[in-house]
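Labels run A, B, C and D following the written order; every chain starts at residue 1.
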Amino acid sequence: MGYSAEKLSEEKVFKDPVHRYVHVRDRVIWDLIGTREFQRLRRIKQLGTTYLTFHGAEHSRFNHSLGVYEIIRRIVDDVFRDRAEWDEEERLLSLCAALLHDLGHGPFSHSFEKVFDLDHENFTQEIILGDTEVNKVLSRVHASFPKKVAEVIGKTYKNKLVISLISSQIDADRMDYLQRDAYFTGVSYGHFDMERILRVMRPREDQVVIKQSGMHAVEDYIMSRYQMYWQVYFHPVTRSAEVILTKILHRAKDLYKQSYSFKHDPIHFYSLFEEKVTLEDYLKLDEAIILFYFQMWESEEDTVLSDLCKRFMNRNLFKYVEFDPAKEYKKLSELSSLFMKAGLDPEYYLVVDSSSDLPYDFYRPGEEEERLPIHLLMKNGEIRELSRESEIVDSISGKRRTDHKLYFPDDLLQDDTSKKNIKKQIRALLEI
Amino acid sequence: MGYSAEKLSEEKVFKDPVHRYVHVRDRVIWDLIGTREFQRLRRIKQLGTTYLTFHGAEHSRFNHSLGVYEIIRRIVDDVFRDRAEWDEEERLLSLCAALLHDLGHGPFSHSFEKVFDLDHENFTQEIILGDTEVNKVLSRVHASFPKKVAEVIGKTYKNKLVISLISSQIDADRMDYLQRDAYFTGVSYGHFDMERILRVMRPREDQVVIKQSGMHAVEDYIMSRYQMYWQVYFHPVTRSAEVILTKILHRAKDLYKQSYSFKHDPIHFYSLFEEKVTLEDYLKLDEAIILFYFQMWESEEDTVLSDLCKRFMNRNLFKYVEFDPAKEYKKLSELSSLFMKAGLDPEYYLVVDSSSDLPYDFYRPGEEEERLPIHLLMKNGEIRELSRESEIVDSISGKRRTDHKLYFPDDLLQDDTSKKNIKKQIRALLEI
Amino acid sequence: MGYSAEKLSEEKVFKDPVHRYVHVRDRVIWDLIGTREFQRLRRIKQLGTTYLTFHGAEHSRFNHSLGVYEIIRRIVDDVFRDRAEWDEEERLLSLCAALLHDLGHGPFSHSFEKVFDLDHENFTQEIILGDTEVNKVLSRVHASFPKKVAEVIGKTYKNKLVISLISSQIDADRMDYLQRDAYFTGVSYGHFDMERILRVMRPREDQVVIKQSGMHAVEDYIMSRYQMYWQVYFHPVTRSAEVILTKILHRAKDLYKQSYSFKHDPIHFYSLFEEKVTLEDYLKLDEAIILFYFQMWESEEDTVLSDLCKRFMNRNLFKYVEFDPAKEYKKLSELSSLFMKAGLDPEYYLVVDSSSDLPYDFYRPGEEEERLPIHLLMKNGEIRELSRESEIVDSISGKRRTDHKLYFPDDLLQDDTSKKNIKKQIRALLEI
Amino acid sequence: MGYSAEKLSEEKVFKDPVHRYVHVRDRVIWDLIGTREFQRLRRIKQLGTTYLTFHGAEHSRFNHSLGVYEIIRRIVDDVFRDRAEWDEEERLLSLCAALLHDLGHGPFSHSFEKVFDLDHENFTQEIILGDTEVNKVLSRVHASFPKKVAEVIGKTYKNKLVISLISSQIDADRMDYLQRDAYFTGVSYGHFDMERILRVMRPREDQVVIKQSGMHAVEDYIMSRYQMYWQVYFHPVTRSAEVILTKILHRAKDLYKQSYSFKHDPIHFYSLFEEKVTLEDYLKLDEAIILFYFQMWESEEDTVLSDLCKRFMNRNLFKYVEFDPAKEYKKLSELSSLFMKAGLDPEYYLVVDSSSDLPYDFYRPGEEEERLPIHLLMKNGEIRELSRESEIVDSISGKRRTDHKLYFPDDLLQDDTSKKNIKKQIRALLEI
């Protein structure tokens, strides 16, 4: 019996608060979980800075990755098995892709990717294909196996059904994170009947479809997602923390470019600053590393860097007001001047942040978010795109919602020991 | 109106997965939560290395501290208020002590305290009484207020009722952590009817008592605690991680004593190594800092330090067998010699670890665990110690249960590329 | 101290699976719960025939009534108390109206009201105002108190705020039943964050309003309601049971009109058959009584009555197909003729049933469903109707959804021992 | 393919609040659920009069029977399948026995069995073996199949392993009812980790055993059961309802024996009164029938019968005091005389009720409760009885706990309009 078919002598289980247990029988999966690259995901939070808003949201990407794997395992072993449309040969590939789909995430991905022009999807590919423990395990299955796994995650694999399991508008990734993030934050929004959705999933040649009888469960899932976006993922306090984090990275990079001399050598950051990050460098980055430097930078000479780091570490975040960029650009430029006069660099202390989401969309080639839409399998065998059947989904389909806020350090603006009049003017403009 | 009575203009709430919401109305509490010393608890896990066994257990002491506060708030505001035996003057003191009771915990407390001879309770006192943001907030209430809070936590405060709310065999601390740790690990053991227990708590001069009608809920709580100890807190895999962590700290300390030259200066560790830790040093310690050094030490020259750090970071833990120290000391010494011959320093690679718990105890002055026993308030007004009324509790009362295990690196012992015969002998002795 | 202010010496609690505990301190409430009219609600299921689809849905209106009371208690005691806009004098009135709002429901209300032209709302009024134990308790508060309670429930009371607590598009009634029905059926749809909604409710002169910050929680509540309607309340299998039940009542009434001689005297039904139901008669009706007669009627001579009763008792329900009354009326008349030929009276064996719901609506005077819309309290103090702020709600607002099905006894149509050819024709037409 | 192997074309599921879904694939199971004898269980509450204490406890035996079936289905299909010790031939038999194990329960079994000397286990046998729809379905499997099912339920079947699945000290029956009764009452006691217990169950020749690693989960289950007994099943208020119910039946029977002329013919009761109940009679009994007569009897001439029925229907129960039969028999006889003098027949109005439970017991042949003890499968393959390994279980093993209470109508004793002095004496003796 080859490695790909090897089973553990006894099934291993992980106690999981969301799925009760995560079950592992395949030796390959067990070995992947044990790799250093996968264990690294324990040191990267699933929701980045969200824990500063919802204190329960301290769970890691390790958690989530196991969850996505477990959902796929249930789909392929409990629902798809023995169905003609499902090729059992794709089973192990699907499981591996599920487990590894987030492997390339770094610490606080969102901010890091923006400031240092990184792409976690590229790193996922590199980790799977490069000189890593993960690659060694996958290569034992077959020399071409790592490439296949990378293709599934990269959405270029030939079997589109497998891709749709991992990334579509109703994939295992989303089903896990909605429930998991709801569980750990404690909000009541992320609930939907996943049991039922799994039961009505059917494999088709190029995608997973949902039996018509499960349409309402899918509607509920889409509404859950919509609520989670606006209640949790785009929470303005989380975005405030994100703004500060981004500004810390900007400042550190700027200082480096200006040959600033850091008290403590930020060795992990050099390749980031120079935008020449190797795989080895990248794998050394995790949130512990970042927080170490932030603590060090609290006592840097540069007051902007030091102030921002203190804010992040001690959760002394920026306040915000609603902001309409279309109408209020003049006000922004006015505020900008006043901030300068008040001795507050607007580059770091006056920040517009925008969030935007498309709760559901049918397929529009060439558009930014090209995730596959959801298809229903009608009683007569026909396949129909969800928004054509569901009024609720139709009503929100393709409607992008955007929210803009203006962030600033309220405490500094309230402190009237200096620049009293200018700050008064600022406060009047901000209506605070 | 003074600071101690000041209320927020609008109640603030924290979404909490265990208590649904944590409610804050007192300005003092709000200000304490905002201090840097309290925010630091976000970077210290409630259950140390347990996340390596139960992946959900990534929650911080910040979480738990808010929970204990919320329980006390409900007791004093919903249950005790307007009862003659309760002195409303003690309200704010109780809330502050609840919130701050774990303030002095450092990273991976258990191991650090053992290796560097620290005591988190002392640090809690120092943080409350020293030159800190927490002290500044408490002092605004009254110059003598920090001392009072410290006394409640230190169990020397004159009003024993207040102490018993925070530390007894059925205090808010235990009620929160049992439920919280069960929630985050996902185990089904930590459930008990806290609502009912709160409802039947009554203040008496020197302690909280429980109305007789709530006895079964208390029995259930004690059984939950018993189960949580053996299923979660003393889980042998967690203890394996703890063993490795302790050995890392030992090794680093030993190397320092031997004037070993670390590639990367472990500046946060110097005062630990010299056992002269100031408050300022201590407050810089958190788990991010420790994990930073562990990553650096993975590439140290010293192979023991480097190996142990890799094990910890990549969760390549020691295996274990049952061990009876009373009967098997000879075998241990024999194994020790064989390990030496096999090139494995038994000081680091052959470790006996023991766990021991007293699920409930009546009061025995002078004993190690001097927590107040639980008293029932009988229908006739009499007060009786719980184990005299409950058969279940009586049956486990005062019965210490101890478990010993012997830990070792199975992978190295299975690797027969060197010292084949000695390793074979070792494996035979260990029956693995 | 008068009766209206009298408190129980110790708070009483009911263990409730939805709200954890229902708390009673007021003597008046305690006495009302003990009346025979209120206890009768234990013998009337909250969801009528739904238990034949969702076996867990066996809970009674007694359950739900306590739940509505508990929600109102929390609103008035925890949220409204001490707010200038809230008149504490209305507290007891609100609690009583909440508890008693469903008092006039009879067994399987929907079918009984249709067949016998009853109106449970009238009976609620009669029970409160008539010669009953409930009236005696309420009259002890004040001679005019029963009338006030009846007015609140009848929506004619002068204080519209009190009415809106009990009946509006987001009242305590709906909030309880959605959660309770979800709990007992086990479906995952009825969840929404009631804690949050309660926290953001504010009293205004003529209605309850919701602080803008709670809008998403309200959206979630509306979506829950939408899902519950289509997944639970309008489930086609439940409607099949309802169809049969209605036809049983019709048949029994028809037989009575035809002076049919029942084997066992249906004494409880006479006043129903003659549509002269007194309050005393009505209070004797409960589901046990009805099921008693259905069992007796299983052995009646009349084969239609006997067959339908057996179907109901043994859950041998009608099957259904989709049916479009606008397009298929011809087919229906054709089927009707064929049924007659097949010896199946279409009056009883070929039934069109329609369900229709308006998930949310703004106010349109004169319309059938005149429940108050939901109003948001904006940050600037303005009050705005929900669908003007929420895209999701706007998208479904005022959109009535209707579903038509055609029910028939599949087993009889499959039975080819007689009228083989006609049945074949019927099956072809029905496409079964 | 024979009937025994026949599968439904599509799996059917029942939404179940405890197990999420109950899955049915076997045609035989589906047909059994549809029988009139099984559907009758919908009209019999799982917990009899408990709903008068815990209002949520309105769930039926139908509910529970599906649950037991589902647990067995998971054991045999997910855990036992493919294990050498398990005979796949016993699968269908186990499922049927699980589903039907409570089939013979009548309305309010406990009281009816006591007063009319019935035995629900006999009726289960009769229904399975007699001229019933259930028998017809089972006989289609094989002529000898009904007998086998009856033997498993009657504990005489040759394969003891199958019996132990359905009735032992840790069988599917108990595992379902503990969780289900906890769910519907809303108490927090019935939780234990059934998932884990199922995972560690192993088939052995004559019983199910539990892998040693699952011992703590089993301890937790036993403690849950202990708590449920004393918190729910033996709740003194439930027992008060039971006392009244029993006395109603006694009175009606006595009146019948005295040739009392009932206003309304209690036709369903005649065979009970004469203790000659046929299977046909028995199957007509359900709780609706009983409640019908209780309503009729509220207006009987006999004041005892009428008073007791009103009490039951309107939940005007007896109060109670602790009572020690060993020490207080004299007081009881004294009270008895006083009750007679007060015009209250002590036979009906002064009742001692005792409850008694053995939380766990090892095997003692010949003892009343002969359920099989729980056996652990040790790592070395040995089998050990649980209480020898678990201190907690050992401490409660074989310890019968008994509770006695004396019930009486407090309201009548407080009513001083007649027999004032005698009632005063009674109250003094009862210390109320």
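Everything that follows uses one rule, which is that a contact is a pair of C-beta atoms (placed from the backbone, for glycine too) under 8 Å apart; a residue touches a chain by one contact, two chains touch by 3 or more.
In this text the structure is predicted, and so the values were computed from the model without any measurement.
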Completion exercise
Greatest Cα-centre separation from subunit D belongs to chain A
Exercise for the section: Could you see whether A-B or A-D has the larger number of C-beta contact pairs? Expected result: A-B
Completion exercise
Between the Cα centroids of subunit A and subunit B the separation in whole angstrom comes to 32
Fill in the blank from the handout: Chain centres from averaged Cα atoms put subunit A and subunit C apart, in whole Å, by 44
Fill in the blank from the handout: subunit A to subunit D, mean C-alpha position gap in Å, rounds to 51
Exercise for the section: Among the residues of subunit D, pick out those that touch two or more other chains and give their numbers. Expected result: 20, 187
Exercise for the section: Provide the residue numbers of subunit B that touch subunit D in the complex, in ascending order. Expected result: 187-189, 191-193, 196, 216, 219-220, 223, 226-227, 230-231, 391-392, 395-396, 399, 401
Practice task
Please give the residue numbers of subunit B that touch subunit C in the complex, ascending.
Solution key: 13, 20-21, 195, 199
Handout entry: Contact set on subunit A toward subunit B in their complex
Key = 14-18, 20, 34-36, 39, 42-43, 51, 54-56, 58-60, 62-63, 66, 183-187, 284, 286-292, 295, 310, 313-316
